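The following pair of complexes shares a single chain, chain A, combined with chain B in the former and chain C in the latter.
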Partner chain A sequence: MSAPAGRMLDAAFELLDRQIIDGDGNHAGKVDDLELTPLEDGSFVVTAILSGPGALGGRLGGRLGTAAASIFARLHPDEDPDPVRLSFGVVRELGPQVRLTTSRHHLDVNRFEHWVRDRFIARIPGAGHAPE
Partner chain B sequence: MRKYVEVTLGVLTAIGGFVDIGDLVANAAVGARFRWSLAWVVVVGVVGIVLFAEMSGRVATLTKRATFDVVRERLGPRFALGNLIASFFVTFLTLVAEIAGIALALQLASSVNYLLLLPTCGALVWVVIWRVQFERMERIFGLLGLALIVFAVAVWRLGPDWGDVIHQASHPAVPHGEGRPTYWYYAIALFGAAMTPYEVFFFSSGAVEEKWDRADLVTSRANVLVGFPLGGFLSLAIMSGTAIVLAPRGIGVDHLSQVALPVAATLGRLGLVVVIIGFFAATFGAALETGLSAGYTVAQYFGWPWGKGTKPVEAARFHGVVLLSILLAVAVGLTTVDPIKVTEYSIVFSAVALPLTYFPILVVANDPEFMGDQVNSRLTNALGSVFLVVIVVAAVAAIPLMLATKAGM
Partner chain C sequence: MRLSDLLGAEVVDRDGRSLGRVRDVRLVQDGPIQGTFGAGLRIEGLVVGRVAVASRLGYDREGVEAPWLVARIARVLSRDSRHVPWSDVVRVADRRVELACRGDELLAPTPLRHLPGAES
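Right after this comes the complex of A and B.
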């Protein structure tokens, strides 16, 4: 996708809730929400993919959604964090899956994954080897 | 070699998945109480799981997406979350039952109380998930699970009047002294035991993880079409055993040892040894599948990295969910809750939760945008729609019948 900004699609149906795959072919979250920017003519253009609980909370709605978003905000090191944002600059392909050009380890979306890994999983013997 | 491995995947999913603690308990209990009058449900259940697994395997192969990935996209985050909670609850309940089942099988062998064995069983399940490769895991438990064929040998040795058996099975009637609601409650339990959702979570995730492509579709179909009916055959053998040995004596099934009784009575000590090996393999294999499925469902809903084949550090949250689920399952088991009751509830709730995953898969399997030329055939769609009705009716009727019959009392 060289110029995703110029493409027409039903974002609600063709983009939302799809799996994001990073440049190494690994799972890197879902398209939990989209960032829309208004144009002068009153229409909107999708400018970024939002991912993680900060974005999902808003779409879940209700008490549960608020709880998800506030837990995300409280655990986040920043004072008033925005949802994790993936610009279309790192998007290589939009299809049944959204493929990125970079590794997920460079993305903010992996914060919780890294925390669980470093605190718990990596400390268990054998965590660094694939099963035999 | 690869073909051989692929066929074992089918056998494992059939034995460790089709025949698990739920099938052992449900078929034995039904045989002891209703003899062959509910045998038709096993046939319906086999056709249902063949359909469901074939569709989800095909969807997973062509779209590279496992069941919960599809569920999330089709149903949206809110509805899919409710779906996730229900499916996870049922899978977790099944995991409790399977781990307790392993402990009960070892109790039969060692006479050590199963509660003392539970923590070790849980730890063993986790170690196998953590360290043993997918293919090897499948082969070991798939082949060991074939020990359950001893039920068929026992039934053959018991030599029932086959004409009478076929008559009872083909002219189902509510047995004297049993109420109609109880009959249907057990029908739903048996159906839920055959069509447990975790089998499909595991099967479709395995297909994605093993990177199946179009060429594998033939093997996948063969796995399902051979593997599941084989499991159904074993289910019928278990049912027949208790129908011949326990039913005339008015003995019910409220412990795993009673499931083994027909074999022990016919084939003696050696038969008992083989049957215990079969129990162990079936429950252990299913514990692995349910433990992994707990992780698969959550990770696929949230889009986390998941997979059994990669290094655990590469899928930390997935492994975290699996580990926590096993720990919690052992804790629940240690509360001395009756494992047979947990099993019965898990299969009835399986029937309740089934439409939640069946329906999205049926829809996607018909979507040419995803499936190309591999959309459902007319026959699959006709059967798939009939089963949608059956599954919804069973799901809606399950809880009222449970309340009305006091869970089949």
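Right after this comes the complex of A and C.
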């Protein structure tokens, strides 16, 4: 169940780097950043969880962060890719993990893994027999 | 804006004095409805301080018992942390947060009640 309205939490301490669990109980990445959207009255609301190298790169900063972001950009078909974005509307519960209502198959969370699978793993002889 | 635009940004008061950096962003669940999550998380304020490690240890939480030495160290480390209500933030740009108030008008952050997961 989601917590009662009005509760307070510290974003970096209680949300960042938490494991995301999808509706089927599978791992679906980590919380690498949060999207904050302004309202008319000047306040900001968390509207999405950003996950994966595209989001983490910006947070790490420095050479490592730039490298992570540029690798992510290279792997992505779009010219100027956004990080993986999970709308906060699919969040069911915040706790030691962040639980979603949706299955990860409906979310674009494992882009890097898919790329590695298609480009490298699939070319290894016998890889076609590997169980999912 | 992203959370990472705020975290680590330098915080400067009305007189241009630095209060340290943004150590955490306090959220309150009373914003517009976000799907199944219910009321959205709205920025309530910033936790600002000069020492990075202080608030990340979690010993500033209410109801968390630390060995006395650790508790004392945590207290010393976090003694200059301040809570900035979001309404006092004038501008966020270029890794810098400008406030409408003076640094000495700000209070220490209130400890939040529990650690995540402790309620379940």
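In this text, the second predicted complex is superposed on the first by the 102 of 132 C-alpha atoms of A that agree within 3 Å, B and C clash if a C-alpha of one lies under 4 Å from a C-alpha of the other, contacts with A are read in each partner's own complex, and residues count from 1 in each chain.
By our rule, a contact is a pair of C-beta atoms (placed from the backbone, for glycine too) under 8 Å apart; a residue touches a chain by one contact, two chains touch by 3 or more.
Note that the coordinates shown come from a computational prediction; the quantities given were computed from them, not determined experimentally.
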item: Touching partner for A:47 - first (chain B), second (chain C), both, neither; value: second
item: First, second, both or neither for A:103, with chain B first and chain C second; value: neither
item: Touching partner for A:120 - first (chain B), second (chain C), both, neither; value: first
item: Which of chain B and chain C A:59 touches, first, second, both or neither; value: both
item: Partner chain(s) touched by A:94 [first = chain B, second = chain C, both, neither]; value: second
item: Which superposed partner A:38 touches (first chain B, second chain C, both, neither); value: second
item: Common ground on chain A, meaning residues reached by chain C in one complex and by chain B in the other; value: 16, 59, 96
item: Residues of chain A defined as touching chain C within the complex; value: 2-14, 16, 33-39, 42-47, 50, 55, 58-59, 87-92, 94-96, 101
item: List of chain C residues in touch with chain A within their complex; value: 1-7, 23-32, 34-44, 47, 55-56, 58, 86-87, 112, 116-117, 119-120
item: Sites on chain B touched by chain A in the complex; value: 63-65, 69, 72-73, 76-78, 80-81, 130-134, 136, 299, 302-306, 308-314, 316-317, 319-320, 370
item: Partner chain B, residues of chain A touching it in the complex; value: 16-20, 26-30, 32, 51, 56, 59-61, 64, 96-97, 104, 112-114, 116-117, 120-122, 124, 126-132
